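Just dropping this structure here.
Just so it is clear, A, B and C label the chains in written order, and each chain counts residues from 1 on its own.
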Amino acid sequence: MATAAHHAPVTDKTELPVERSDIGLVRPDRTTGLLDWLTTVDHKKIGILYGAFAMFFFLLGGVEALAIRTQLAKPNNDFISAPMYNQMFTMHGTTMIFLGVMPLSAAFFNFLVPLQIGARDVAFPRLNAFSLWTFVFGAFALNVSWVFEFGHLQGWFNNYEWYSKLVYKDFAPANGWFSYAPLSGTFGQADAALHAQRFTGVGTDFWIIGIQILGVASLAASFNFIVTIFNMRAPGMTMMRLPVFTWMTLVTAFLIILAFPAITVALIELMFDRQFGANFFNPTNGGQPILWQHLFWIFGHPEVYILVLPAMGIVSEILPTFSRKALFGYPIIVFSGAVIGFLGFAVWSHHMFTTGLGPVPTAAFSLLTMAIAVPTGVKIFNWVGTIWGGQVRFTPPMVLSLGFIWMFMCGGFSGIMHSSAPADSQQQDTYFVVAHFHYVLLGGVLLGLMAGLYFWFPKIFGRMPNAPIAYIASAMVIFGFNLAFGPMHYLGLTGMPRRTHTYQTGFGWEQWNFVATIGAYILGLGVFLAFANLVWTAWRGKRAETDPWDGRTLEWSLPSPVPAYNFAQTPVVTTRDAWFEHKHGGARIGALADGGPEGVHMPSQSWMPLLAAVGFLMVGLGIPMMSMGIPHLGWLVIAGLGVLILGIWLWAIEGPGGYHLKTPSAKTVTPTPTASAHA
Amino acid sequence: MFLAVRRFLLTSLLPLGILTLAGCAMRRFALTCLLPLGFLALTGCSKGQWVGRQSPMDPKGPLAQSQFDVFMDTVWLSLILFVIVGGILVYAVIRFRERPGQANTRPPEQGHGNPMIEIGLIMASVASLVVIAIPTLEAIWYMDDVPVESKPASKLSAWYTGKIDPKVAEDVLTIDVVGKQWWFRFEYPQLGLTQEGKRAIPNEIVIPRGKAVRINLRSEDVIHSFWIPKIAGKVDMVPGRRNHMWIQGDQVGLYYGQCAEFCGDSHAYMRFRCRVVEPEDFAKWVEAQRVPAVEPAANSLAATGKALFAQKNCAMCHRIGGQYDAGNFAPDLTHVASRTSLAGAWLDNRDPATQLAIDAKGNTELSAPIDPALQRKNLAAWIGSSGVLVDANGKPVHAADIKPGNRMHYYRMFNVAGLNETKVKLTQAELDAIVEYLMTLN
Amino acid sequence: MSDSAAAPTSTGIDHKKLIMWLFLASDCMFFGTLISTHLLYRKLYPTGFTDAEGHVRFVQNLFDIELTSFSTFILLMSSFLMALAVSAMHKGQIASFRRNVLGVILFGLIFLGCQVYEFTHFYHKGLTIQNSVFGSTFYVLTGTHGTHVAIGVLWLILLYFYSFTGKLRGHIGALDVEIAGLYWHFVDIVWIIIFTVVYLVEYLGPNGIWGSAVATITP
C-alpha cells in the first residue's frame, strides 16, 4: 500500500522528556495501558471507550429486556415480582436510550467526525475526555441502584436504622423512563420534616441524578462537536461537502443543546419537589403534573431524533459505498435532516394525546406529527434512489443497512397510524406503541449502529470482522427482532396494555406473547453474537487493508488503524466524496504541509477531566444515599462538588501543553490513491 | 389450538427454512424483511382472531367505531405506500445487485439526484397525508364531547324510568370516575350514588345501552387512564386536572376496561368492568344500589364476621352501607357479592371455563354467571394474602401479595415506616367468618 | 480550555468564543424553561401564597421593588464595567483591566447580597419554597440565576488573580476575558428579563397583569 509508506512508525511521545504542566505537575504520557486509557485525549481512543461502554450497557439492557420477556412468556407468570418488573422496564428503557444508543452514537461522532472533516482531533480534546468520564460515572450512578436493590433483597441492610425508616424499598428506578409526576414526585402537604408523601423510593433519586449527570456529558460533547464541525474543517471542506454522517452529527448536537435544558430544568424541579418539598408537580399544593409531561416531552421527542439521526447518517454513508454510487439528492437528505430536527421540537404533545389537551391542540399536534413523516419519507426515497442504478454489494454492513431501511419503514408506517389522535387514543400505552418504537429504535437505530460498527471496524482496529458470523448474526437479529416485535402489533391492537407485569388468560394474548419471547431470545443471541464477533476479531481478525470497502470519504484514505495524528498533512478537498473522486474521478485531494519540520502538534494527556468527572460521581452517589437517610452522606455531596471545582480549576490553569510528533513524510504533499487498482 | 400452532409454525419456521435454503445474503435479507408483511397477512386472515375480550378492533360503540374507522384509513394508506415503496426497494436491490466481475470495473454513473423527482415525491407524500388528516380532524371533534344530535335521545328525562331530580332531567347521564392506586371509583351524582352520599360504586361501571354518557375523570393520587377498548379510547385521569370524555355502548353486555397509564406497583391489576344494560334495567340497578346492605341473621357465622369486620379495622376504610358508614378510603363493599370480580377486577368470580366457551363463539361481551364457590375462594384468597392469614403458631400462610403495594395490606397511605408490622392478622376461623359475612352482601 | 487556540478556524471565530456562544444558546433554553414554568403558574394562580398564619398574601406586597430596582441597576452597571475591562484587555492595559474587573466583582457581590437579603426577607414574610407554587418557582428561578452570578463572580476572581501571574496577556488573554464578558453580559440580560416578567409585570394595571386583586391587600 502506497499510503502506508507515508505513515511508517513515528517518534513516540514517550521518547520525549517528562513534560510538566503550568502548575508543575508531571503530565501523563503513556501511549498504552490503563494510564493511557484513563488520561487519553485522543478522539479515537475516546470513541473506542464510548463504544465499549455502550456495548456493555446494550448487553445489560438486553438482559433486562429478556427478564421482561421471560416474565411475559405466559399469563400470570411469577418469574419476577411486580416491583422488580417495574424496575426492569424502567432501567431497560433508560439504559438503552441513555447508556446504549446515545453513547454508541457518541462513539461514532468521536471516532469519525475529525477523520471525515480532515481534522487532527476535536476542538477541545480534554473536554471530550471529560464528556466520556462524566457519561461513565453517570451511568455508574444510575446502575449502582441495582447493587442497593440486590443488597436489599439479600437482607444486607436489615440491621441499619436508616433502612428500617424507609417507607418504600424499591432501590432501582421504577417510574418508567419518562418518570411521570406525581408517581415520581410528591403528594400531600409537606410537613415540618420537609417530607411530603411519595409514591416511589430512592430509585427515583438515582434516576434523577443519573440522568442529570448524563445530560452534562451529552451537552459538553455536543458543544465540542458543533465547534469541531464548524471550525476544524479541512480547506475546501465546505458545509455542503461535509459527509452526511457529519451533517447528521451536527443536527443531533444542536438538538441536544436545545432539548436537554428542558429535561435539566424538569429534573431540577422534580429534585426540589422530592428533596426540599417544593410544589412544582405536587397536585395537593397546586402543582400541575401535566407540566412534567410537557417539559419531559419537549426534551423527549427531540431525543427520539437524537437517537435516530446518527443512524440515518451512518446508513447514508454505507448505502453509497456499497452501491458504488453517490448519495441520491445529498442537499435534500441534509435539508430533510435539518427539517426533522426542527419539526422534532413541534410534535412533543403527540405523546400526550390522551391527557385531555382539548381538540385544538390535539388537532394541531396530530397534523404536525403527520407533517414530520414527509422529511422522513424523503430520506427513504433518496436511499432507494441511491441504490437505483448502482452495483449493490451485500457485505454485512450493507445487509444491516438494508435491514435498517426496511424496519425503519415498518416503524414509520405504524407511526403514521398513531399520528392520528383518534386512532392513538386506542393505541396509546398498548403494545402497538411498543412495537412501533422498537421498529424505529431497535430495527432502525440498532441495525444502523451495528451496520456502522461493521463498516468502520476495519478503520478502528485495523482488522476485518468475521463475515460469515456477521451474516448469521445479522440474520438472527433481523429474524428474531421481527418475531419478537411483529406480534406486538397484534397484541396492542387487541388491547394489551404496556408496562403491565402480567396479564390474564382469556384475552387472546397468550400465543403471541410466547412467540415474542422466543423472538426476543433469538434477537438477544444475535446481538450477543454480533458483538462477540467484533470483540474477538478486534484482536484476532484478519488484517484490514487501508480501504477495504472502496470507501468514499476522507477516513478511508488513512491507514488502518489510524495513526495518532490522523493526517500527516492536512488534506485539501475540492469535492463531495473526496476520496472516491480522488480514486475514480477527476478531483484529487491536495495536501497542506502544515506540520513544519518539527512535525504535527499534539495535545497533552491530562488527569483533570477524569478528576472533575469523579466529582460528579461523588455527587451522583451522595444525593440518593443522602435521600435514603444513610447518615453523613451530605459530606460526600459537598466533597464531590469540591472535587469537581478543583478538577475544573486545575484543568484551567494546567495549560494545554502539547508536543510535536514527526510524521513520516513532512515533505511529500499528495497522498497516493490506494485503490487505483479498482479503476 | 391446532390453528394457532400452524400459524406459529408458518410465521416462524417458514422464513427460517427459506433462510437456510437461501444461499446468498441478498435473498436472506429480502425474505427476512418480508416477514412482518407475511405476519400481518397471516393474522389478518381470520376475523375471529381480532375479537378479544379487550380488543378495540371489535368496536361496540360509536366512539370506538369512529376511532376504528380512522385507524383503518391509516392502515390502508400505509399498506398501499408500504407495498409501493417496499416493492421498489426490493426491486432495486435485486435489479441492481452486483454481478460477478463487476467489482473491478469502473463505478456506475455518479448521479447526484433529480430535483423534479424529489419535489414530486414530497408533494405526493403531503397529498397522501391529507387523505388521513381529514377523517382525523373529524374524529377529534367528534370525540371531544357529547354530540348535539345525540343529546335529545340521551337526556335523562328521555329514557330514565326511575325517580329523578327535575334539575338534572334535561342533562345527559354524567358519571364521575375517580382513579386511585389501584382501583376505580364510579359516582353517579345525578342519581345520588356518590361518595358524599355514602354509596359510590367501585370497579364495575354500569351504563344504559344506546345513550351517550358524559364521563368526568379525576384522580386522587397519581395519573391513571380510563379505557374501555370496545367502547372508547382512553383519556387520562390527571390529579389537579379536570378531564372529561363521553362514551356510549350500543350492545348489551359486559366489557373489560383497564388503567392504561403506568401508576405504580400493581398497575397491571388496575382493571375494571363496564356493564351495558337496557335503560329500564339501568333504573332497576340504580334502585338496587341505593338499598343498604343486608343485615346478617343473629348468631350466624355471618354475624360474627360482621363484628370482626369492625374489630379488625376493615371498617376504617371500607364502607358497608347501613352498617359501617365511616369508611371513605377503600372500595365500597355494600353490594360486594353482586359483583363479577374482586380486587380491582383482577380476580374473576365467574367460572373461567364457562366464560371461555362463551368467548369462543365470538361474543366476549356475554357474561357467564357468578360462581359462588369461586367467589368465596377469591374472597378468602384476597383477604388472606400478604401474610394476613396466620396459622395456629401465628405464622403467615400466604406470604405472597396478590396485589403488590396494595394499601389494604401495607398501610402505605400513612407514609410512615414500620406500619407494615401492624398488619391485620386473621386466623382461619376469623377469615371464614368475614368471608361468610361478605358473601351475604348482595 | 482550548488546546489549539492559535490555530486558524474554518469560520474565523475562535473555538472558545464559539463554544461560549453555543453554551449561551443552551442556557437560553434553560432559563426559557424556568421562566415559562414561573409564568405558567403565575397565570394559573394569580393570587400569591398563604403564609404560616394562614393569611393569603399578594405578591405586590411581598416585593420590595425599590431594592430590586437598585440591584438591577447595580448589575447593569457591572456589565458596563465588564465591557470596559474587556476593552482594556484588548488594548493591553492590564492595570485598567484589574480596576474594572474588581468593580465587576464588587457589583456582582452587591447584587448577590441584595438577593440573599431579599430571600431572607421574603422568608420572614412567610414565603417558603414549600408553602406555594409561587414560592417554588420564584426561589428556584431567581436562585438559579443567582447561582449563575456566583459562578461568574468566582470566574472573575480567578481571572483577577491570574492576571498577576503574567500569563494573562496578548490576544489569548484578551479572548479569555472577552469570553468571561460574554457570560457576564448574558447573565445580566437574563436578569433584565427576569426583572421584567417576574417583578415589574406584577405592577402593571391596578390589579396586576395576572389579575390578582391587589386592591384588597391584607398587610
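Keep this in mind: a contact is a pair of C-beta atoms (placed from the backbone, for glycine too) under 8 Å apart; a residue touches a chain by one contact, two chains touch by 3 or more.
Source: prediction; values computed, not measured.
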Completion exercise
Most remote chain w.r.t. Chain C, using mean C-alpha positions, is B
Fill in the blank from the handout: With centres defined as CA means, the chain nearest the overall centre is A
Handout entry: Gap in Å, rounded to a whole number, between the CA centres of chain B and chain A
Key = 35
Fill in the blank from the handout: Whole-angstrom distance, CA centroid of chain B to CA centroid of chain C, is 50
Exercise for the section: Let me have the rounded angstrom distance from the C-alpha centre of chain A over to the C-alpha centre of chain C, please. Expected result: 34
Exercise for the section: Could you check chain C for residues that touch two or more other chains and list them? Expected result: none
Problem - Residues of chain A engaged with two or more neighbouring chains - result: 286-288
Exercise for the section: Within their complex, state which residues of chain B touch chain A. Expected result: 4, 7-8, 11-12, 15-16, 19, 24-26, 28-29, 32-33, 35-36, 39-40, 43, 49-50, 52-57, 64, 66-68, 70-71, 73-75, 77-78, 81-82, 85-86, 88-89, 92-93, 96-99, 102-104, 106-115, 117-118, 121-122, 125-126, 129, 132-133, 135-137, 139-144, 181, 217, 221-223, 225, 227, 229, 232-236, 238-241, 243-245, 256, 258-268, 346, 348, 352, 355-356, 359, 401, 404-405, 412, 415-418
Completion exercise
Within the complex, chain C is touched by chain A residues 22, 41, 121, 123-127, 190, 194, 219, 222-224, 226-227, 230-233, 237, 257-262, 264-266, 268-269, 272-273, 276-280, 285-288, 291, 295, 298, 601, 603, 649, 651-653, 656-658
Practice task
Mind listing the chain A positions that touch chain B in their complex?
Solution key: 81-83, 86, 164-168, 174-176, 180, 182-183, 187-188, 195, 197-200, 283, 286-290, 323-332, 354-356, 358-359, 362-363, 366-367, 370-371, 373-374, 377-378, 380-382, 384-385, 387-394, 399, 402-403, 405-407, 409-410, 413-414, 416-417, 419-430, 471, 475, 478-479, 482-483, 486-487, 489-490, 493-509, 511, 515, 518-519, 577, 580, 584-585, 677-679
Handout entry: chain A-touching residues of chain C, taken from the complex the two chains share
Key = 1-5, 9-11, 13, 15, 18-19, 22-23, 25-27, 29-30, 32-34, 37, 40-41, 44-45, 129-133, 135-137, 139-140, 144, 158, 162, 167
